[in-house]
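Chain nomenclature is as follows: A, B, C and D, assigned in order of appearance, with residue numbering initiated at 1 for each chain independently.
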Amino acid sequence: MNTYSPDTVVPGAGARVQEASEIVASNLNKTYGAGPFAKTVIKDCSFTIESNKLTVMIGPSGCGKSTLIQLIAGFESADSGQLTMNGEPIVGPGKDRLVLFQESALFPWMTTYDNIMYGPRARGEGLKEAAEQAEFLLAKVGLEAFRDKYPTQLSGGMQRRAELARAMINKPEVMILDEPFRGLDNMSKELMWEYYATLYEEDRNTNFFVTTDIDEAIFLADRLLIMTNLPTSTRTVIDIDIPRPRKIEDLVHNPRANEIKKEVMTLLHEEAMKSFSGGSKAAADFLDAYSKRAG
Amino acid sequence: MHDTVLNTDAATSQGPEVTTMGLTMYRLSTWLKSPRPYLMFIGFAIVLGFWYLAVEVWKLPRFEDMPGLTEVFGEWFNKDPIYGLSVYTPEYYTHIGISLRRIAYAFLLATGLGVPLGLFLGWSKTFREFIFPLFEVLRPIPILAWVPLAIIIFAGSESPVVFLTFLASFFATTLNTMLGVESIDESYSRAASCLGASRWQVFRHVVIPGAMPYIFTGLQISIGVAWFSLVAGEMVSGQFGLGYLINTSYMMVEYPKIIIGMITLGIVGFASSAMVRVLGDYLMQWRVRELALGD
Amino acid sequence: MSEVLDRKVVADDSAKVDSDVAGRAAPEVTKGAICIDDVVKIYDPDGAAVMAVDHCSIDIPAGEICMIVGPSGCGKTTLLNAIAGFHDITSGSIHLDGELLCGPGKPEATPGSDRIVVFQNGALFPWKTNLENIAFGPLMAGKLSKSEIYDKARSMMADAGLSGTENNYPGEVSSGLRRRVEIVRALMNDPKVLLFDEPYRALDSLTKSVMHEALLEIYYRNKVTIFFITHDLEEAIFLGHRLIIMSSRPCKPKKIVDVDIPHPRDYSVLTSSRFREIMLEAKGVVHEEAQKAFDAGEKEG
Amino acid sequence: MKQGRFIGKLFSRATLRGLFAIAVFILIWEVGARSEQWLGFRMPYLGLIPPPTDVAASWAGLIGDPSYWQSWYMSFLRVFGGFLAAMAIGIPLGLFMAVNKTFYGIYFPTFEIMRPIPPLAWVPASIIFWPTQELSIAFVTFLGAFYTIVINVLGGARSINKQYLQAAQSMGASQWDIFRRIVLPATLPSIVVGSAVGMGITWEVVVAAEMISGGGSSGGGAGGGLGFFIWSSYVGGSYEQIIVGMISIGIAGYFSSELLRQLGGFFTPWLKTR
């Protein structure tokens, strides 16, 4: 396990030095259904989300990544194994671990501003301060002009930015992002990567980001967790040592990025091979492609 | 939607050992293990118990005139009924049979006319522009307001009742069919015309099957409103039938028969809409199999 | 596979692809040349004229994979719909093999089985099995007997690795498989042109990459002209002979990039140096357009 | 600009076609109704109906008649009474069933078993039970809208996107806050739809109940209402008035639905932005 490195804490106005918001999962297991319909989704899964780092988890779609998020967020509990945050076991959802969902989970009946203010209002705490913070965040994500619009009036990219703001106002210790840019077109997606990376680099909180996109993973990650196909466990951890701030061009230019990309592709191919013998249809597609590629 | 399809890939391909029979047994056993059947039982017990106690034991004010639980069921299953109607008397089945016959005529007629009309309304814009406003003008008039007019126009006591029942079904069927056609994704008909289908072929191969789910939703609603209007029609005019039974029992002060009539109506009504549902599932195999994946 | 890549420098505009660029000569393709000449399309909702396509001219030689790249909602689909015959154009003309599809005196083309669209969200009929879907076009044309059609459909499915799914409904198979069925359905009709409207948009990037190779494989077997709309640059370069980068709203060709990587290609191309060069060349332009659209807050779709 | 568009729409091809079809319909009706007089033979069915011109004349005569407006008033009173009661009981019940699993388990099967019994079948039982006829009509009216509203509210509340609930939870919202700020607004569109459908059924039931109780057996106290108006016109043999009554109910029903639609739009402003 990597040790905590002090240089990840960046001093600055917005930066809050967080002591240790480290999530440790050890030997998690999760099975859905029972009897002949039992389906083991997570098996013997262990990993660490290190504090003040951006950990990206990548795996084929349909593997148990979303289930892992449900567990970490506390919406569901594991059948066995330990899941701790700062040494304390995780029971139930809490505002210290905030989830950003696939697609958008902005409340359609609230304006952008009300959406951002939802967290503080729901907890009824520090409303005055929160209102100021909301203004600040609106400006920061460039949505001042859209504060009184409903989510359906925003473009996909704007919705994601509003969602980032809605999460950040709660100052979570850990931010969990479940394929947050899925469904955006590639160009908006790349802009969102840069945007999100900048936000992260400003205060370097603990972030846990789940994706199926190799480029996205390499561009964003400090640490990359590669997951196996069903039942899910951790396959490999790669530390991504491309210096920050990164540029989209790095994905093309940087020889290290290319190396990592090849490595990740190979690993995912192997996973597809294994699950093919398990009979997954999605996996058959992967096998098809990656076997050609490997040759 | 997309996501669930991907996620269930692995689940559905687990193998052929999961048979329909096994599935049914498994569902039955989980149902029995869940609290649901017992809660349901409690629910029935509360209602029936209250009925029994309020009328026959406590004799609450206002309840004293009501027929009691044991009185109704005693009469219903009496070989020698006091008021001349029970499951052992042919008269009971005459009433059911006549109501069913009226429903069958009206429903079949409404389906036979309403489905084609709805399909054409949805398919041809010109046709819709001409006909639909007329439809919209007539629709807000409650079916029951047609009763006297129906009696004037149609001779005898049978056809007015069937006409009213038909009218209610017809509006529901036509409207839902039209909505169904309008809701078909445009790319289906575009794809068909790309593949060289003529306008008529598009109608046959895209419009009809595409609108099918809505047609069957419409037919479910249609059979419900058919019973609704049939009862009203039978109560106002008509000879025989369950609505007539309820009304005459009231006038003859044979109160238990009212409740028997009501319960019978509930059962027959439920059975007829279940039949429509089963027929729909049979005709839309593609949908059943698709939905099974989501389970 | 040869790592030696031609380093031909590409002119920005009016670059005409000769079939040799494709590495494997494909002279047998003689039909399917599209000529889009000065096309304008103005939508007129609520009286406020919205220009979707602005004096757009593109020449696509027969058998080329032509990638139309631009941000979402920039009017690329409008162009595709005009070629397919789903709606009219305001002015200009579109020819297919010298034959007028739409233009002066004929504002709207008629849809036909010579130009088949593969839709963004897939348009396999969910109420027909995969086999019935694939057999649909020839059945409509009614030139062959039913058994001939089904035999042909089965053998084409086998070629495309779809055996065993004939009697499944599209809703029952994986989304990747569905896309493949859709392409086979199009090819059954022996079309001159395939029109792709961001067909892989909803797929995640891993599945997407599989689809690209599958598409190329099918293309090598049945050479047709491909008009492919996308916003994914990697996809565009990997698949295309040529990229036409469009400006955002109104839609108009901004830059043309030739992809001189020989076909047949496989995924090693993605990490090759030539690929990266082309990527860089195109990226700047695309990024600029995307930023414009992003700032304007255009809705997706 | 906006007005111009409205006028444009008024004279658009679609509107003209619709008006044309309605005009043809009325013309056929007129000719059919007067066929005996004009053509010398009676057309089947149509020949038995009073012609539209007579209906219009009869209507014009009724406009000044306070008892005609009294019928409107009575029907509206019953419709809104029953409907508001159904809303007041149905919405909380539906929400509670959606939130509380035990209650749902106990009550829902009973609810489903009672639902297929048409509301009008309750009329005699209701007359026996309730002390006044007015109350029994109100009860049946209530029943008509009740089932639809409950089913819609329940369906709406149960189909809320799970992510909304989880997002709120992960931001530390309390159960009550989730109910108030997530469940309630997310269910509002279904409540609006359910109410609109319920309103339609309410009119059906009121008309029928008025006809059955007024025109039927017990010559009790409750009179009036548009349904009774139609029935008494039928009994009194003034057939034009039957059609006047039908059209009046159509108009009344249309306006009540329109009122609900407007109210619904006011309460769900975010739906308009799509």
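Everything below uses one rule, namely that contacts are C-beta pairs under 8 Å (C-beta built on N, C-alpha and C of every residue); 3 or more make two chains touch, one makes a residue touch a chain.
Here the structure is a predicted model, which is why all the values come from computation and not from measurement.
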- line: By number of contacting C-beta pairs, the most connected chains are B-D
Task: Name the chain with the Cα centroid closest to the overall protein Cα centroid.
output: B
Statement: Rounded to the nearest Å, the gap separating the Cα centres of chain A and chain D is 50
Task: Averaging only over C-alpha atoms, locate the centres of chain C and chain D and give their separation in whole Å.
output: 51
Message: Taking the mean of the C-alpha atoms as each chain's centre, how many Å separate chain A from chain C?
response: 33
Message: Multi-chain contacts only, two chains or more: what residues does chain B have there?
response: 6, 9, 12
- line: Residue ranges of chain D touching at least 2 other chains are none
Query: Hey, what residues on chain C touch two or more of the other chains?
result: 174, 202, 204
Field: Residue ranges of chain C in contact with chain B within the complex
entry: 84-86, 111-113, 115-117, 119-121, 123, 125-129, 136-137, 140-141, 169, 171-172, 174-175, 185-186, 189, 202, 204
- prompt: Along chain A, where are the residues that touch chain D in the complex?
  reply: 73-75, 93-95, 97-99, 101-103, 105, 107-110, 118-119, 121-123, 149-153, 166, 170
Statement: Listed in rising order, chain B residues that touch chain C in their complex are 2, 5-6, 9, 12, 185, 187-188, 190-198, 201, 205-206, 209-210, 212, 284-287, 289-290, 293
Statement: chain D residues touching chain B in their complex are 13-14, 17-22, 25, 45, 48-49, 102, 105-110, 113-114, 116-125, 127-131, 203-204, 207-208, 211-212, 215-217, 226-227, 230-231, 233-234, 239, 242-243, 245-247, 249-251, 253-254, 257
- prompt: Which positions of chain D touch chain A when the two form their complex?
  reply: 161, 163-164, 166-174, 177-178, 181-182, 185-186, 188, 268-270, 273-274
